[in-house]
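Everything on this sheet refers to the single structure shown next.
First chain written, first letter: the chains are A, B, C and D, and each begins at residue 1.
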Amino acid sequence: MNTTTLDDVALVVKTMAVTALENEKYFSELDAAAGDADFGVSLAAGFQVVNDDWEQLDRSSIGNFLLKISMIITGKVGGCSGPIWGTGFMKAGLLSKDKETLQIADLVAMLRAGIDGIMARGGAKAGDKTLLDALIPMTDKLEEFVDTPTAAAQIRQTLTAVAEQAIETTSAWEAKRGRQSFTGARSIGTPDPGIVAIATMMRAINNTFDGAARR
Amino acid sequence: MNTTTLDDVALVVKTMAVTALENEKYFSELDAAAGDADFGVSLAAGFQVVNDDWEQLDRSSIGNFLLKISMIITGKVGGCSGPIWGTGFMKAGLLSKDKETLQIADLVAMLRAGIDGIMARGGAKAGDKTLLDALIPMTDKLEEFVDTPTAAAQIRQTLTAVAEQAIETTSAWEAKRGRQSFTGARSIGTPDPGIVAIATMMRAINNTFDGAARR
Amino acid sequence: MKKFVNDPHDFVPQMLEGLVLANAGKLEYVPQYNLICRSDMPSDDKVSIIQGSGSGHEPAHVMAVGRGMLDAAVPGGVFSAPPVEYCLECIKLMNSARGVLYLVNNYQGDRMNWDMARELAEAEGINVGVVVIDDDVAVKDSTHTVGRRGVAGNFFVIKACAAAAEQGKSLEELVALGEKVNAAVRSMGVALSSCTPPAKGEPIFAIGADEIEMGVGIHGEPGRSREKLQPADAIIEQLFQAVHDDLPFNSGDRVALMINGLGGTPVSELYLLYRKAALLCEEHGLTVVNNYVGEYCTSLEMAGASLTLLKLDQELEALLAAPAEVPIRVF
Amino acid sequence: MKKFVNDPHDFVPQMLEGLVLANAGKLEYVPQYNLICRSDMPSDDKVSIIQGSGSGHEPAHVMAVGRGMLDAAVPGGVFSAPPVEYCLECIKLMNSARGVLYLVNNYQGDRMNWDMARELAEAEGINVGVVVIDDDVAVKDSTHTVGRRGVAGNFFVIKACAAAAEQGKSLEELVALGEKVNAAVRSMGVALSSCTPPAKGEPIFAIGADEIEMGVGIHGEPGRSREKLQPADAIIEQLFQAVHDDLPFNSGDRVALMINGLGGTPVSELYLLYRKAALLCEEHGLTVVNNYVGEYCTSLEMAGASLTLLKLDQELEALLAAPAEVPIRVF
């Protein structure tokens, strides 16, 4: 049985924050190709506060922790990313308000809630070339493990591969949402910054947990 | 004896006008080096009117003819060149108001009057790197011929050589008047557009009269 | 990057500090939320009018704060919509018994942040109205796109709503008025050059020495087509036709005509463009009642211009004529 | 050359046509002499205030024609002083029983043409006064040079003299006033880029990607030094020091402070510059009573800015506060 604790969730979020801060310039450069070059700066602005306030964050439950993250991201991140990422964290947090541990089915439900929230917030759907096109296949894949007991490391490995594949697959698409979409056909051939960020974070989470396990 | 008639004066002015129009771009480019690139445009604006009104110009005396030219140049040419060239023509015209022919001594006196007028108008003196540094040595040289009978063609040849020498000599100087002077040391090495214009016109006058004599 | 800038991160705050230093007693700056507001607002006698969008479009919208225009503006970073928290604080700070109206340009980032701020403000019992501005005809407006962008037409929505607010109109009336103005205003722009966000340090797009971007967005987004440089009159003809035919405008209409500079184009060229635009209005039977030549909504130092037409009626003519006072002034 | 322009020869006339189309009923255009004047002037109740200089510095000076500012302006070609005939016609057209005052920037071409026009006008019995403006501290002022250039300080001479003229001051009083303002005003500019006169089609000087021209003239004339690009605050410190020390200004002085854009610099950057200039004034004990941030005297599309300080007294403060109305406006 794969059980996720508050500490695990915190490590995931911490890794996302470190990844956002380390890749600020890189993520902005990706956004320069078809967007307005602020994606890295925006994400970093929010995760910097997460990082700075780390010790004081509400840890009364997994859900409350995620809701606090949501409030920071929403509050501090401008552009599309604030509402999109903030909504994702919020919806996942609401589903886990009273939880102290999570099973895979819980994780799937939280991810689905986040995805639905993002769709409702920004009007994007699968295929519009946004971070949803990483999150949806990752969630679909995770669901396959609900009834198929698998080692946590292997699950993480698989999800990382799915996310990285999404960069490849979607690069050839035309963006339909966000500022990228104004570029129309010119967005074809460039990877979507949001998808790259999700994949980069998933790869980092994978490495972090592997490292933690080995120690 | 070298006698200059109204027809001769008219041919000189006509040649100056044609030269100004033909060299509009070239003269402006010279002004671009250290000035503001309008010298050719300005000169052409005035001489274009001289050319257009050619048949109707007052020819009641040499002086009246020159005064009319002065009025056109002054009226239509902006920047420094309008007042400078207009004043030159005016002072020469005032000295020859009642003349129907001119001797070399008259020409020298008219040129001196023009030079003095230009100095009074713009405050420049010999050595400031303006067209005065062509007009003054030319006038000095012409004065040498007052008591030394010489063929007109040879006089013109000599004056042309003096004017062209002035371009060479003054290029090495620093401009002290007009917009060029703001450039300070940067004006060293570039020929003064006004001096080049005088030399180019003198060369053209030379060619025109030679051509007219040969016919 | 050739700009007057210190640390690029300080670009927006230092501009705002300059703005309030130049308008002491009239404007206030709340650094925590990067917010500029009138010193004498809010008042329970009128609806508060606010706006927040990315920076880099000055004088829009921080320099449009003043009597008869915005009560507050909350600019994000350069080309970045402000975060929810900032929008929410702006609403709360300008909370009035008559309500708060925010005017939002139609970009996803702007809209989502303001939508969330509105939900939160309404949860706190604040009466919030919204008008969405989308006047840019360069972008096709269809249900499966994010819709047209909001550009210089923004000025007219602010001017009309703010003037009506000073006259005591209700929040509902102002929302209806804002939607009416937005429905009657159309714009399109053209870029001769790119522009460089300070934090990026490099031009946001590449453009050849003999090329123009027809229909450019105010964040350097591509427009309808990349074309060869043309005489000014030919460029204005294209802008005019696109704007004119979109509404469409009709012979006999009374209009406001704006030639807006994108930041790097001198006012001499704008008047040269205005000349042709005014002549085209005449040719098409449009009477220009109000005209606007200058910078209203820019893209940093981009060389370029946009043309805006607003169809007038008696109500709008009176609102445009109402007094207003903003930091951007000559005297 | 990337500009909004048709035939370069038509650049100035077409700009002026646009200007009068945008100001119908208020301004008139006399194409023959390239002259812009108020429709309601001259009047024998006041001295007429006029100016003529090269074009390319807009809004100076054609867009400074209006109530409380110039009565007429006669712009030459781009960067070319107007010919005598045009100046003379301008004087004659604005002839008033109280006299005509022309304000001339200290360039040889401008001065000679106006001097000659004045002689001719006086010969016709017109009462003509002159004030020469030379506020640019970048140029050394000595007897064997042509002296300092007139730049953005021009605005204050126009504003003060025009306001005093509306109050009925005599020609002699206005000349004295203009000289007083000129004696109290100092400016210096800096260029980040060159500019391209339409008829030339190429930049008027070359400047490296990391270079600035400190003390540049408004026709692209060189200044004090070619320097490496620096942070905005360091640039303003240089301009401020040069301007401040030249008069000099003293702790306790009340001043007007202007940050003028040279044409290609967006207003966001100008406010960022204003911030530092205002802080420096405070440090040096100067009280900024009036401030001006925007474009007043430009060099076509040159990126750059200038700083102007004017020492005030009660008379000047009242004159700056007097109402005025020019084509350059937001509403």
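The rule is simple: a residue touches a chain if its C-beta (ideal position, glycine included) is under 8 Å from a C-beta of that chain, and two chains touch if they have at least 3 such contacts.
The UniProt protein names, listed by chain, are A, B = Dihydroxyacetone kinase subunit L; C, D = Dihydroxyacetone kinase subunit DhaK.
This is a predicted model, so every value here is computed, not measured.
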| item | value |
| --- | --- |
| Shared chain contacts [chain C and chain D, defined touch] | none |
| Most widely separated chain from chain D, with each centre as the mean of CA atoms | A |
| Distance from chain C to chain A - Cα centre to Cα centre, in angstrom | 33 |
| Chain centre separation (chain A, chain D; CA means) in Å | 57 |
| Rounded Å distance, chain A centre to chain B centre (Cα mean) | 79 |
| Topology of the chain contact graph, where touching chains are joined (line, ring, star, complete, other) | line |
| Chain pairs in mutual contact under the definition given at the outset | A-C, B-D, C-D |
| For the chain B and chain D complex, residues of the former touching the latter | 28, 32, 36-38, 41-42, 45-46, 74-84, 86, 121-123, 176-179, 181-184, 186 |
| Contact set on chain C toward chain D in their complex | 2-7, 11, 14-19, 21-22, 55-56, 58-59, 63, 159, 192-193, 209, 229, 231-233, 235, 263-276, 278-279, 291-296, 298, 300-301, 303, 305, 320, 323-324, 326-331 |
| Chain C residues within the chain A interface of the complex | 54, 76-86, 107-109, 112-113, 115-116, 139, 144-146, 149, 197, 199-200, 202, 204, 217, 219-222 |
